[in-house]
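Labels A, B, C and D are assigned to the chains in the order they are written; within every chain, residues are numbered from 1.
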Amino acid sequence: MIIVMQHGASEAQIQSISKYLTSRGIHAERLDGHEQTVIGIVGKSGGYDINAMATMPGVQEVVRVSTPFRLAARTGHPDDTIITMPDGTRIGGDAPSIVIAGPCAVESYDQLRRTAEFVRNLGVRFLRGGAFKPRTSPYSFQGLGFDGLELLKKIGEEFGLFIVTEVMEPAHVPAVAEFADVLQCGSRNMQNYPLLRQLGNVRKPVMLKRGAGATVEEWLMASEYILAGGNQNVILCERGIRTFETSLRFTPDIGAVPVVKKLSHLPVIVDPSHATGQREFVGSIARAAIAAGADGLMIEVHHDPDRSLSDGAQTLTFEQFEELMGELVRVGDAVNRPLLVEPFNHTPAFSRREPSPTMGVVEPRAK
Amino acid sequence: MIIVMQHGASEAQIQSISKYLTSRGIHAERLDGHEQTVIGIVGKSGGYDINAMATMPGVQEVVRVSTPFRLAARTGHPDDTIITMPDGTRIGGDAPSIVIAGPCAVESYDQLRRTAEFVRNLGVRFLRGGAFKPRTSPYSFQGLGFDGLELLKKIGEEFGLFIVTEVMEPAHVPAVAEFADVLQCGSRNMQNYPLLRQLGNVRKPVMLKRGAGATVEEWLMASEYILAGGNQNVILCERGIRTFETSLRFTPDIGAVPVVKKLSHLPVIVDPSHATGQREFVGSIARAAIAAGADGLMIEVHHDPDRSLSDGAQTLTFEQFEELMGELVRVGDAVNRPLLVEPFNHTPAFSRREPSPTMGVVEPRAK
Amino acid sequence: MIIVMQHGASEAQIQSISKYLTSRGIHAERLDGHEQTVIGIVGKSGGYDINAMATMPGVQEVVRVSTPFRLAARTGHPDDTIITMPDGTRIGGDAPSIVIAGPCAVESYDQLRRTAEFVRNLGVRFLRGGAFKPRTSPYSFQGLGFDGLELLKKIGEEFGLFIVTEVMEPAHVPAVAEFADVLQCGSRNMQNYPLLRQLGNVRKPVMLKRGAGATVEEWLMASEYILAGGNQNVILCERGIRTFETSLRFTPDIGAVPVVKKLSHLPVIVDPSHATGQREFVGSIARAAIAAGADGLMIEVHHDPDRSLSDGAQTLTFEQFEELMGELVRVGDAVNRPLLVEPFNHTPAFSRREPSPTMGVVEPRAK
Amino acid sequence: MIIVMQHGASEAQIQSISKYLTSRGIHAERLDGHEQTVIGIVGKSGGYDINAMATMPGVQEVVRVSTPFRLAARTGHPDDTIITMPDGTRIGGDAPSIVIAGPCAVESYDQLRRTAEFVRNLGVRFLRGGAFKPRTSPYSFQGLGFDGLELLKKIGEEFGLFIVTEVMEPAHVPAVAEFADVLQCGSRNMQNYPLLRQLGNVRKPVMLKRGAGATVEEWLMASEYILAGGNQNVILCERGIRTFETSLRFTPDIGAVPVVKKLSHLPVIVDPSHATGQREFVGSIARAAIAAGADGLMIEVHHDPDRSLSDGAQTLTFEQFEELMGELVRVGDAVNRPLLVEPFNHTPAFSRREPSPTMGVVEPRAK
């Protein structure tokens, strides 16, 4: 932490800061410049109140040097976190990018089974589906609840799909963890601390969606609650932020992908469905996310989106999803980060080009 | 709802929309213009999926005509909601503007008592204090919990103060309702629907803080969850929004005060402490809020803010708070919305000017 | 400037920074902490590229300590700038708050004269009116141009009103300065540097509107262009910023008033008409601005706003403006910053309460 | 345009709207619903003031149906605009994506020549370089002016590169058009209407950068000024928007690429250098833009960025640029939109994989 004193701060004011720190057992260095004095605490933070210091007489500004998140930070944890599922499927680091696909909400056994079968045959390994739905309006469909969880588990087992589903209440965490393979903490609950603490207590992976109004730093601080609870399996999910631009439902923050990769070791995926809110834009953002280096995607797909009970407008049809998967495979290959494609029947749905030693390599230029 | 067809939408596409609506028992009117056709449903919404219609072939845009909130809307409830406390103190409508004051967090009996006594003597009737604290960092002080609630209740009774305190978990709602007179739903939990539903089940007033990234419409939709549960005593609290401007912690959205007043019948107050994050700016925003027509304020004050355990930088000293109260009384009088000032000892701390028939009245101008 | 090295930055990397600075004749201090090293340059900035340093190997972050604006900063110019008009009317500092009123655009002699007479009789001293109009659409009315300027000048002289009008092109500045008493630089041109430079060459006051997407810092940097040209008479004008909230045309940033007052010595006024875009909300924001300490307001008024050629929706009727002036006088008095009210015929339109020694004063509380 | 009347609007109010329209020769249709009346004008807009109508008594809301831009809209101009350079190089539509590369500012003949030669050998056909620099601070390097233009022209001719450079003043447009092949209108001047009008008078292509605080609609409206002047050769350039997220200099709005493609026929490119402000993030955003379907990129590159006179932090080194070009070629191929790569010496710098009939094609899945 660095305390910048005002131009013309008095010696007494400077001494008073020093005393405040010394009395808390903190060693500080002082730097007297031509116009201003600066006091530096270069070491562990803690033991003082950064905001309180900012309002002390003579202080111009207090600058935080270290990041406020510790366990989520790449500093001190330089290697990428790679999350390993029970069958060895890996998420993050150099593992293939994953696709999580499925309907917004679980509606019925038939609906879920059709979608599950379809995406599985295209090589998808993670099935999403909401049983508890956070809806802006109390008059909208709120989900099937635990009945939905049972359907998810049954179908997940049938097709060898990992289940990703949202949990909304701290008290539900243990029960949902029985059914789900990955627990989703929704965007609206990113700073629901009792829920985050409960998610720190389980050992299954947690997918933490970014709040629409949350900075990257706040998002990483939220993950810190889960990590501090002892659960190291956190996947971050960018899903669009709230800006002045309203042509899409949210503004997909593709820049957050490389930013998170720099600041943190945690895997980060992108949800182009919620970020855009309109199915015609899902493909562009999905391809962009993979090109930017995301560790995966979460995409809504439904056998009949116009009759789906929630978020139909942003949900892809089977046909659109199949076409997009082909594009994503190619983009993944282009950026040397292949997409995870493991069809159930072991017949790849997409042909891949053979790796070639010259492909995309820059040759010496003729002078 | 109005469905605007694209230029050149085919007759078949238009018919297909009509059929969709007719099959759901909805009567629609059709308007054929020179270049485009428009289909209008002017009546009760519901029975159709607005988003799904937006993606049907030939549709350019679907425009929602009625507001999505019903119980919170001024339409159908033209009179202001006035919340009455057990002793007859009223909030909203033409009632005097209230001030809720107190420390950010309950720290100790002594701290709370000193602040309570001080603000009560200045005429404040509502004491705030956090027992459960939502903190961005898991390493910050998280509040005294139920011990804090007991301190609040005890001191509230001693000084005749109504207690305003936050509840963070659905499961805690009944217990917190035992101690608090007004239950606060924090900004980070504005869309925590299980919590909102529980708050709809109690009958004590709920103060619903706006999410930093939430539109006014989403905020009113959140209040709808509480109202739909049967609790009509909702107070809205604006506390700053997230924008590109970072000179203050948040951007105080003073414009939201008259906007909410127009759209809804619910009382709306402003929290200048969290909105600014710095005590030197609290006064300006507090005065602005009263001048703009807010039904009240929530202000943080502490006997020694620089030693407070949370948010010290935005907390006023006793001296600053006393000075601000004087200013607020004068601004309230200026806009014909006096501030509620009821000192415990029945001796007004502020002298008021006598109302005069000519004061501020525009006289006929000399021609 | 403070350079924070990464955890684990090598000694060679630290030395390399030092060499870069020494080679530019800059003296730096080094601070070795437990985990990180910090290099401080506490003195005049300049001579180095702050962004280039940020990307040098081993550097975590470069923190700017001094503000990037110099002439606009309160540091080094602690006293408020007070702008004095030819007749002695003052703007800023402890001078009464001014009101600039008039139609959005100059439409005709009759229109302008009616409005001028009306507002002058209410005590307004500054008349606004656009002759060159920046319109979002090329198909909207673009203003009367120099004909409009002549009307403004003529009517300004007739009623003893100072003329405030916008100039849009660098080449027009000298000509517009012949007609106007205050030259307005519009929001869309806040970073039109050739225009700002020309405005630095004149000696009449310049009102610099904030860009809707500009930070307070960028706004002050823009004023720096005018100040650096030698024109010290800059009035800042807040007019709403672009945020995710769309219930008003822009989000009025009332917090910018005290923030600018702290960072700069320049006067700052507020334009509630453009900030809200709807006449029903102009009054709330105007009152809030005065309560927050603004040095003045700019308000659109028209004898028949629904027939005005531009921005009619945000323009007050005569009746609304008269009522608002009465409210503003009272709020100004309440915050001890009276409104400038100087009717042409020297008959005050508003009766003021007499100052009283006890008014609003906090009396000793009975113990 | 659709006028939605309030619940309970009186028949007289409805009639008054009808009269207003009829008196302007506008035919309107009326729709009486259960709760509200709606008045529709489905045809050409114009002849009425949409804002004025919004404030008429009894009106709840006025909804614009047609887009406010005409010439820029895809409606009425369904085919993509393809801009053809003198040698037949095409921009937009199905033409290969272009890369515009070069230093932020022209500094010297040697600097520019080195960069030009380097990027040309990698196949780049468009050279950027600022001669007139809009700088936030008046104390920063402001460009070489016309001397810089001469250097650009000379080097452009030497290497067969098209010159892209910014013009900041309306009066400079004809002169800059002598030197440049593409005239850039900068982000800060997006709504500088006198400048846009001048750019409508030339016939060389104009690259219009989006304002950091401008919506997509405002950006298209700005292009309308140029198109309405008779210049159909407009290239849009997204360069990051201003949001609450500050981890990058701006928030790259990748979603704007498909949105613009839908609303308009104009080509749209992305500037990842200004959007991110940090060279380490340029690659991710450049790849994402191509994956999302951008018609091109503008990227800053310099032989020694840390010594460049402006924006060094966001400028790539030669090595980084070469690596990125290889990645972009591969991503372009993956999305079936190859990058334009035409090395001067006709020796391709990048080997491309041969197109194969099976590559990326979805094969029938085994059942």
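Criterion: contacts are C-beta pairs under 8 Å (C-beta built on N, C-alpha and C of every residue); 3 or more make two chains touch, one makes a residue touch a chain.
Since the structure is predicted, the reported quantities are computational estimates derived from the model, not experimental observations.
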Given chain C and chain D, the chains that contact each of them: A, B
Angle of the C-alpha superposing rotation, chain B to chain D, to the nearest 5 degrees: 180
Approximate Å spacing (C-alpha centroids) for the pair chain A, chain C: 40
Chain A and chain D: spacing of chain centres that average the CA atoms, whole Å: 30
Residues within chain A bordering two or more other chains: 213, 241-244, 246, 280
Interfacial residue positions of chain A with respect to chain B in the complex: 46, 49, 51-52, 54-56, 68-70, 134-139, 168-171, 188-194, 211-214, 218, 221, 224-225, 228, 241-242, 278-280, 305-308, 311-314
Residues of chain D defined as touching chain A within the complex: 121-122, 213, 215-217, 241-248, 251-259, 262-263, 275-276, 280-281, 284-285, 287-293, 322-323, 325-327, 329-331, 333-335, 343, 345, 347-353, 356, 358-363, 365-367
Contact footprint of chain D on chain B as seen in their complex: 2, 4, 6-7, 29, 31-38, 40-44, 60-61, 63, 65-66, 75-76, 213, 242-244, 246
